[in-house]
Amino acid sequence: MSTFNSADIAAFKDVWVFCEQREGKLMPTDFELISKGRDLANELGVNLCGLLLGGEGIEATAKELGGYGADKVYVCESPQLSVYNTDAYAKVICDVIEDLKPEAFLIGATNIGRDLAPRCAARLHTGLCADCTHLDIDVANYIQFLREASTLDVDGQKWDMEDRNLKMTRPAFGGHLMATIICPRFRPCMATVRPGVMKKNPFDQAKADACVIEKPAFTLSEADVKTEVTEVVKAAKKLVDLIGADFIVSVGRGISKDVEGGIKLAEELAAELGGVVGGSRATIDSGWLSADHQVGQTGKTVHPKVYVALGISGAIQHKAGMQDSECIIAVNKNDTAPIFEIADYGICGDLFKVTPLLTEAIRAAKAAK
Amino acid sequence: MKIIVSIKQVPDTSGKVAVNPDGTLNRASMQTITNPDDMNALEAALKMKDATGCKVIVVTMGPPPAAGMLREALAMGADEAILVSAREFGGSDTYATSQILAAAINKVGVEADDVVMCGRQAIDGDTAQVGPQIAEKLHLPQITYAADITKEGNTVTVKRMLEDGYMTIKTQTPCLITCIKELNEPRYMSVSGVFEAYGKPLTTYDYEALKDDPLIDATTIGLKGSPTNIFKSFTPPQKGAGMMLEGADKATCEKLAGILAAKHII
Amino acid sequence: MDFHLSNEQLMLRKMYREFAENEVKPLAEEIDEEERFPMETVEKMAKLGMMGIYFPKEYGGAGGDVLSYAMCVEELAKVCGTTAVIVSAHTSLCCAPIFEHGTEEQKKKYLPDLLSGKKIGAFGLTEPGAGTDASGQQTTAVLEGDHYVLNGTKCFITNGNVADTFVVMAMTDKSKGNHGISAFIVEKSFPGFSTGKHEKKMGIRGSSTCDLIFEDCIVPKENLLGKEGKGFKIAMMTLDGGRIGIAAQALGLGEGAVNEAVKYTQERVQFGKRLSQFQNTQFQLADMHCRMQAAQYLVYAAACKKQLHEPYSMDASMAKLFAAEAASDVTRRAVQLFGGYGYTREYPVERMMRDAKITEIYEGTSEVQRMVIASNLGVK
């Protein structure tokens, strides 16, 4: 591996996506990242490759990645890789990267991806940008993105239209600022990507069939692994799937008068809409809802068809997680609450009175259809 | 046995955040706090101290005012504090920061039964990268997202949270653990702790103090040594305000339901 | 004159504030409503050393200073008047006289549990017939062999139902008037000691206030605090210190009301404007803040003088008089700025107004403070 030099950027080619599996099943994030990776590979004119690590037989799941856009999937199988382990995964991934030298490497910003990516970046001596919400290669595309998503005067600036760096955009300071990060001097350029942000391509069976599977060489011994996973436990309670939900009814500090009653009203409205209940950071910090319900900068980023905010003032860290919802409905006692600045429809009133009325009105409107 | 806790002073992003016209953060106008996850790491270390009498050393990299935060950690019960501060270190990204902190921790010395603790992530950047990168630079095993930690002899067992459950992970000291808020409830400073805090050792490691460590290489620290650079920073545009509906009664709700139905949203 | 707080004091203020915001404020409404003593808060404060702030470590104190203690009471009172007076009565009226007048044996026996907050302290001076005229003590103590026998009733005793240790005044020699009063350390478990019913009060409703009843109560001879006949002096000196605590409580209540009013008037809209945009509001808030700032200087000065063992009796009286009257005025004005909402229990200002009133009454009414100040001026 002595030939590996992360500063020799001309030696690197192709876009790679780390494809995370748990219990032998691919994660939804894998398809999101493969889909986004496809765009980037097209802009660079290179191949898009998945990198899949797992126990014996994981290869069987690899072709599905082709259906979302992977040209090739590198598969590394070993009993030591069936369950995620930082040391084992970092060793294999770094070995393979040092051999095959991808120029960009995307990893889902899951609890596992965020454990793995920094360890690999430090070993490979390259840059890593965390929790990206937007990725570009083409400067023209990036300028277009800035026009929509920023207040910058893009026309008043000079742009190097030939720039081929991966431009990795992410929120910082609790969503108050956005930053675009580049890694100009080292490769691979690494990014973790927020789950739920990138749009998944439609599955294409023909592409899945055409996807090439390769098994690169790697070595992994017991001495490489200093941590031992003694058990993996799934949460007993089914966790709420905020990211996949089309309708989310979230509650905030406004339910403090009657926490159980407020949550019940939200659940009833969510049930009528066919959605799930979420919460602001205050409701999670107070222990009213479990952490999987949290929407916002430190929680989940969601973009449902309808987001109903009940008694949520709309602190910026909350808005960061929900402002891209297609339709936002806010109910708040305080008519100056910042949530009304981004709501499509606002009702100034007591959520305990308004919510049951709204549930009833929606039920009636659906019945009338 | 000792615990080295890496902590960071951050702007309190839960309050009002001021942004300069050029899109950078107006740090001067903001309150600073100790990063919340780091408080959980410190609490975990202090609990181990309560149980075993081990020493707790807090380390931070930052400008000189970060010493105030270190004094607060001493008032909570930490024994020693180290401020890593130098112009040469400024502008470091996570990679460069972890190199410098790893060098500082090397200087403190990591022994066979020691543990290094960090918060999972800092609220200013939310990257969660520095902990694992310090671990890599120090060649220590890492366990991130710790929601429960037990240490028996040189064996550390950690409940490591996943989105849909948890893993139980075992490793040997020395190791690095990153902590989340589910781990514990950080204690307050105590009155006697405050009066002791200014008598405890607070050492500054400047560039001179660390420059002989192989990790401190001008090409890998500071702004120039950072692999990543900020290309642009900007504020997201506010989504325009929508329609405030009249009233808050049955008719209001029926009107809204009508709009949603007409737009085929429901 | 140095108006700067030390690093330690600044750090403590931050700690008190965080504690008050997170642990005390959330309970304030409930303990007022239910007239419930917040024992869980006392346990938390005990752990942090807040029940023995300015006493030396050798007796289990936190090794701080008097101003650090006053700041603690102030910060607690900003969010909860009840919690503030628990600390104040315990510290100033029980720990302080034992520390200042006790023998080494008494200090070693009683202070560690009190200063660590394992036990709560209280003070028994007031009687049904001896309020502002404290010299009219009816409770008697008669020496019989190795113990005193106490008979009588004390009333309006803060922390009465929850305390373990009491500093109690009783007449050992009626013929000598004030000079016949002696001080005793009484434990809850002493035979013949009992407490009366909980008083229902206008404010500080979570604090425990009750009678102490002595029926042939046996108090060992060694529990005499100071010399026989010195009780009145001990009581007056104790009240001088206590007044710093109550002044700090009043200060916090007023400051808390200013904080609430500043916040509310920037949210509430009437006539198409935020209340804070009206000049009347601005002038009111400016006056309110000014009064509390002046009160703070008086309170802090008194605390610093006590710390330096300078005469501070008049300073403590001025601080208490001014802070208490300022707190009553400022909390009342805050209710007015809130309007109808201020009168409801939806907002904390009505509670602050009720809590503030007592600061003009206990540990010497405002009239008593004026007497002390006037006599210090040599006016007869």
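Going by the order they are written in, the chains are A, B and C; count residues from 1 in each one.
Going forward, a contact is a pair of C-beta atoms (placed from the backbone, for glycine too) under 8 Å apart; a residue touches a chain by one contact, two chains touch by 3 or more.
Not measured: the values here are computed from a predicted model.
**Student:** For the chain pairs A-C and B-C, which is connected through the larger number of C-beta pairs in contact?
**Tutor:** Ranking B-C and A-C by C-beta contacts puts B-C first.
**Student:** Name the chain with the Cα centroid closest to the overall protein Cα centroid.
**Tutor:** B
**Student:** Starting from the mean Cα coordinates of chain A and chain B, work out the distance between those two points in Å.
**Tutor:** Roughly 21 Å separates the two chain centres.
**Student:** In whole angstrom, what separates the CA-based centres of chain B and chain C?
**Tutor:** So the centroids are 40 Å from each other.
**Student:** Taking each chain's centre as the mean position of its Cα atoms, how many Å separate chain A from chain C?
**Tutor:** The answer is 55 Å.
**Student:** Can you tell me which residues of chain A touch two or more of the remaining chains?
**Tutor:** 335
**Student:** Which of the residues in chain A come into contact with chain C in the complex?
**Tutor:** Going through chain A, the ones touching chain C are 334-336.
**Student:** If we count contacts the way the header does, which residues on chain A are in touch with chain B in the complex?
**Tutor:** So the residues of chain A in touch with chain B come to 22, 83-84, 86-87, 90, 110-112, 114-115, 117-119, 121-123, 125-131, 146, 149-152, 165, 167, 171-186, 226-235, 239, 273, 291-292, 297-298, 305-306, 315-317, 323, 326-329, 331, 335, 340-350, 353-354, 357-358, 360-362, 364-366, 368-369.
**Student:** Any idea which chain B residues touch chain C in the complex?
**Tutor:** 71-72, 75, 188-195, 197-198
**Student:** Residue numbers of chain B touching chain A in their complex, please.
**Tutor:** 11, 13-14, 17, 19, 23-25, 93-95, 98, 123-133, 135-137, 141-145, 157, 161-172, 175, 182, 220, 226-239, 241-245, 247-250, 252-254, 256-261, 263, 265-266
**Student:** Using the touch definition up top, name the residues of chain C that touch chain A in the complex.
**Tutor:** 267, 269
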